[in-house]
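To start, the structure under review is shown below, and the notes come after it.
Order as written gives the chain letters A, B, C, D, E and F; numbering starts at 1 within each chain.
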Amino acid sequence: MKLGTRKKLSEQLEDLKSKTMEMGALASTAVEKAVESLVKRNVRLAKKVIKEDDKIDDLEFEIENNCMHVIALQQPVAKDLRTIGTCLKIITDLERVGDRAVDIANITIEMAGRAPVKPLVDIPRMAELAVGMLRDSMRAFKEGNSSLAFELGKRDDEVDRLAHQVTRELFSYLVEDPKKISDAVRLMLVASFLERIADHATNIGERVIYMEKGEMVRIN
Amino acid sequence: MVKAKTCERLGFWAARVAILISLSITGYMLFYIISKGASIISWDFLTKPPTSGMTAGGIFPAIVGTLLLVTLAIVISLPLGLASAIYLVEYSSKESRFVRLVELAVYSLNGVPSIVFGLFGMAFFVKFLGFGTSLLSASLTLSLMILPTIVATSVEALKSVPDHFREASLALGATKGQTIVRVVLPAAFPGIITGAMLGVGRAAGETAPILFTGAVFYMRGLPTSIFDPVMALPFHLFVLATEHPNISKVEPIQYGTALVLLILVLLISLIAAVIRYRYRRKRKW
Amino acid sequence: MVKSKIKLQTKKLNVWYGNMHVVKDFTLKIPEKKITAVIGPSGCGKSTFLRSLNRMVELVPGARVSGEILLDGENIYDKDVDETEIRLRIGMVFQKPNPFPKSMYENVAYGLKVRGITEEKKLRLLVEESLKKVGLWEEVRDRLNRSALELSGGQQQRLCIARALAVKPEVILMDEPCSSLDPIATAKIEDLLFELKKDYTIVIVTHNLQQAARVSDYTAFMYAGKLIEHGRTEEIFERPKDKITQDYITGRFG
Amino acid sequence: MKEKIRLKLSGKILTFPPASVSILAVFFIFIFVFSQGLPLFSKISPFNFFFNSTWRPTATPPSFGIVPLFLGSLLVTSLALLISVPLGLLGAIYIAEIANPKIKEQIKLTVEVLSGIPSVVYGFFGLRVLVPLVQKTFGLPTGETALTGGIVLSIMILPTILSLSEEAISSVPVEYKEASLAIGATKWRTIRSVTIPAAASGITAAIILGLGRAFGETIAVMMVTGGAPIIPTSIFSPVRTMTQTIAAEMGEAVFGSTHYNALFALGIVLFTVNLILNLLAIRLIKKKKW
Amino acid sequence: MVKSKIKLQTKKLNVWYGNMHVVKDFTLKIPEKKITAVIGPSGCGKSTFLRSLNRMVELVPGARVSGEILLDGENIYDKDVDETEIRLRIGMVFQKPNPFPKSMYENVAYGLKVRGITEEKKLRLLVEESLKKVGLWEEVRDRLNRSALELSGGQQQRLCIARALAVKPEVILMDEPCSSLDPIATAKIEDLLFELKKDYTIVIVTHNLQQAARVSDYTAFMYAGKLIEHGRTEEIFERPKDKITQDYITGRFG
Amino acid sequence: MKLGTRKKLSEQLEDLKSKTMEMGALASTAVEKAVESLVKRNVRLAKKVIKEDDKIDDLEFEIENNCMHVIALQQPVAKDLRTIGTCLKIITDLERVGDRAVDIANITIEMAGRAPVKPLVDIPRMAELAVGMLRDSMRAFKEGNSSLAFELGKRDDEVDRLAHQVTRELFSYLVEDPKKISDAVRLMLVASFLERIADHATNIGERVIYMEKGEMVRIN
């Protein structure tokens, strides 16, 4: 929605939603790439992730502004308003997802050039799950599919379980080989980041349900 | 509260009785004249001149006379009245002194008693302009008499065309003249026609103004020029009823004349009323 | 602030009714193919301003205008400019739908006939075109010869817009065009505005702030005859610069 | 372009002269009636004319006192109003406020049509029906009395009063009535306290216009009041009104004679009185407040 | 859903004009000292419904009512109920401000006089009280004997409200009371509504959804003579249950 | 704002602001108490902090709902709308501050009964700074004081500096005494939490400036 080209409410809402979808796609990709950079110890890719986070931030800013435009100019009510409220909330979640991707990428950079603590198995698996949740939460948003949103609760539990497992495992490494302490700590952080990303996806799912039904439901 | 209800019931009844009395008196009058006059009217009565000192024959010249008077009067006063109204409503500002003067004149004219029109007609048309007691003098007098009616109704009709029609037309790039001719006059047409009909009705029924200006009790044949005097229905009735030497003999003719006059005038008046009503109902602005 | 081409522009416009100074030093640029809304409290001179844009204000006895109004750079108040010509280029739609008490066809054809177009075929074509533009063609095509007064309020207003469009104006002025319409008819007119601004420059006066917010690209806030603030509608409604504007649009006024 | 400007002006130029005709007409009426009437006062004193109580134009010496004529007009008119105002007002209330819409339209139409009946017909009806009726009812030597004239005139002006009052009452915005009803007033109370006061100026105007019509009526009274130029002593006296005097005597008056002038002077009086009444009514009608 | 005391209640209310069924099986509870807004598209029967609440609908020739309307549990359409009594208890304010063409004082005193109060001192007192309630006292105290028509539109409307309040009604019905007012006067009336609901039960019909949202506690959505949805205003505007309601309030209607 | 008692827009906005202030006060206190519990190794206090976070969450939910009410029912524009937008954003920040307080409290609990890594000096100092910023940001919000908000940028830099210092210091401990690894890691986390709380305060400051001036300004 460029300034000066007024559109009808429904078109503006469509714009908002598609922008939000775009932001969701960027955030998901950022997480994927960050984890890939970590696994492949690819500093360049990590740097790219960090650079591209600006896009996500800009998009958040733009979407938030547009939401305010629409509220100020169109006086949305009922589902229209809930859609806007949902966008406003989803974008903070997505922005935070983006920040976590950056955090992961930073860790990639910090760990660059050192021997790996251990082969990364569970972390890519967690990442896959978390990104899958994120993608599905955005799909639920796009389609207004509240049953899809509802399932996110269960999937989040799986991610939490994995995160615990990773942490426990790393602690044992920690004690074994103090030299690898700092990298082990870093990987623990990555696990917690991924867990939080899954939380954000769950939040998004809750918002989608609110948008569709008008009620806030806790899904985990 | 009980008192209020009782008051209401009493008041409503008083009103009902009043309207009943009002209508029944006039109703009786119409019934009376129709019942007495109906038997008199025949083809001959309508198409033959009076004979044997008015005691026999018909009222043909009086009918023709009245029609002539009325036609001439309306032909003179309608264009004048309509043009005045257009000037007043469309071409002048409300504050202008001239407009107020014209309005005052129209109102004054409307209040002048018909007998004074008669006096004026006699002094001005008959004597001063030398038209003599003639169809022309009488028609001119009548046309002046009905002028205020026509101006007033035309002004009303024009004013009742909402300004937004004019604005719409002007905003589309039409000139003032185009606006008046294409939008205002068509919209005001029914109102103008009603005014004209009202004028015609009044002109047909009045006696006093033609008393000294053109009406005669009897003439041989029909008028051949506008400078001839004419017979007229109301005058005919008046004379038959009050001044005929042999009143009892002409009584049937009186009723007949009264009925014909009544029918003529009521017909015109009814047409006017019907047009007005239809128009009022149809009008949606 | 305004970047598109300027279609209409007032420069130090002043209007008096008798001694009453109603529009004061009004300088405003109206960009082409955009909707400019004029808002402001009752009696602040919005209608007067609008009517000065197509010289309709001259019809008010005692009205006096100074300053310039440039239509494509040419002052419409120049001595040798014919006001009927201006009104063909700057159409107007009024507060209350005011179709003539004629047939729908005649209503739309009116402006064309006034312009001297008489050829039946051409008229038909142009009438159809205008009615299509306002989305009324399908609704009335079978009863073009019925009285326009048979239409509903919203349809009448669209007919009036079609009537204004028929003469192919460049600018359309609208003085509270929806204030006598119900919300549904209003929504249709607003939709229509979005269509129309592809081809026309539109100036709309409205009391309804929400409407101004919804439909306009630029908003001018007028107060006591003066232009207080003018800018992108978003700016005015989200970040008004002037205290009076802020108070007015947030309803803390008076 | 110039042609357009000419076109624009031509409408105004075309319609200006007709607009002046009314002014000229009034002006001429004024000039001609006054020019024929005023010379009277060089022959007899205005005091005599206005306050002398005998009207004997053909006697020797003639006497031109309009008191009996004026009183005659006044009496007949007053009687007419006395009958028609209550009937007309109540009737108007009925039509405007009580009657159901279907009947209402029909009655209104009827009344409007009736108001077009020529006065000579009323006179004729009075002469044929009322005169004998009055004579018989009150056991009078003649039925041609002021009362008969009053009744005839009252019937004649009733439609005027009815329809004008009805219009005044109906034009009171329905919002006023609704406001009153919504506050818990009865319909009658609403009519009394809101509608009638709001319509007061219109109703007064209706009455004044009726008065004017009665005062200026010639033929109808002429046919039923007996035409005696004496000061009426009761409503059963035969009377002669001013209008009637003009109509009856103009035929006999010699052009330019004192008598002729006197009849025009009567015209002046009628003209003036009616003008005043009429302007009064107009002011009232224009005083509408909503 | 409604928890406060129910002041007025319709049960299977039906209204016909001749053969036209205008209000259909309308069952609605109106809670005490709250503002209930009735919204709905034009011609859906809002005014008719409102006018049936104080039996004003009976004034329309050919109008027929069935069902019950309970005021404090008593059916106002019962045979032995006097409608003028009902109208003293249920006041009404109209779309267009309609003061009588009398003095301001007379306007407000009117209802009291109708009620049989004639004592001058008492009248003065009550008039003052009502005028104070609507916040007009300070504005007009010096010119109580001037014609009410001298007031501005907004002041007139407040006078009309004062007039309705003077007889101490329990319920006040308002049929689009602000539709002929400018936004500033409208804001004042809305402020007044907040004051009034401390003492009165208010039912307001409005075309202006924003107004309904701003002022009302409960909202009833009416469509084609039927009550489609009724509930707390927040609910209706944030979570309407019915598709039609949703479409109407989001402007996707028709 | 209870349901069913309609108020005027200005009153509703006041309500919103005071609720937001209340939430700000709760969040600030939570952080203070969490750090206190950490310093004093007071598990009971830590548990209280965790329990009381529910209040903050509830308040966020309530304020967000009220914001939506006001938007739906009052059609706010200009500053009114910006105020609501600001509330919406502030409460997400505050909620996150509350979450960090809970995180700190959890660490207190985890570290309970073990000897301290080192005497806590810098962390209480950081906490004081961060909470001070938070309080001031809320005061700026209350008073519409954008210059106060503007200063937060500089103060945030100071907190960032301290956080770095703490981390570096702890790393040295980490290498010295592998047994204390896990607690040292935990304290590092605390420092990062406090740093993020200061970031949230800075965000709130930015929002206040937006509310007042209508423009988004980056203040650090």
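The rule is simple: a residue touches a chain if its C-beta (ideal position, glycine included) is under 8 Å from a C-beta of that chain, and two chains touch if they have at least 3 such contacts.
Protein names from UniProt, one per chain: D = Phosphate transport system permease protein.
Quick caveat: nothing in here was measured; it's all calculated off a predicted structure.
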| item | value |
| --- | --- |
| Any chain that touches chain F and chain E | A, C |
| Numbering shared by both copies at the chain F-chain A contact, with half separating same from different | same |
| Comparison of B-C and B-D (more C-beta pairs in contact) | B-D |
| Centre-to-centre distance between chain E and chain B (centres being mean Cα positions), rounded to whole Å | 50 |
| Gap in Å, rounded to a whole number, between the CA centres of chain F and chain A | 22 |
| Chain centre separation in whole Å, for chain B relative to chain A (CA means) | 91 |
| Per-residue overlap in chain F, given as positions that touch at least 2 other chains | 9, 68, 72, 75-78, 81-82 |
| Multi-partner residues of chain D (each touching 2 or more other chains) | 4, 186, 189 |
| Contacts with 2+ other chains: residues of chain C | 84, 209-210, 213, 237-238, 251 |
| Residues of chain E defined as touching chain C within the complex | 41-42, 182-184, 187-188, 207, 209-210, 251, 253-254 |
| Residue ranges of chain A in contact with chain E within the complex | 9-10, 75-82, 214-215 |
| Parts of chain D lying in touch with chain B, wherever the complex brings them together | 4, 7-8, 10-12, 14-23, 25-29, 32-33, 35-36, 86-91, 93-95, 97-99, 105, 107, 109-110, 112-125, 127-129, 155, 158-159, 162, 186-189, 191-192, 212, 215-219, 222-223, 243, 246-247, 250-251, 255, 263-264, 267, 270-271, 274-275, 277-279, 282 |
| Chain E - residues contacting chain A, complex | 209-210, 213, 237-240, 246, 249-252 |
| Complex interface listing, chain B residues touching chain C | 93-95, 162, 164-165, 167-175, 178, 182-183, 186-187, 283-285 |
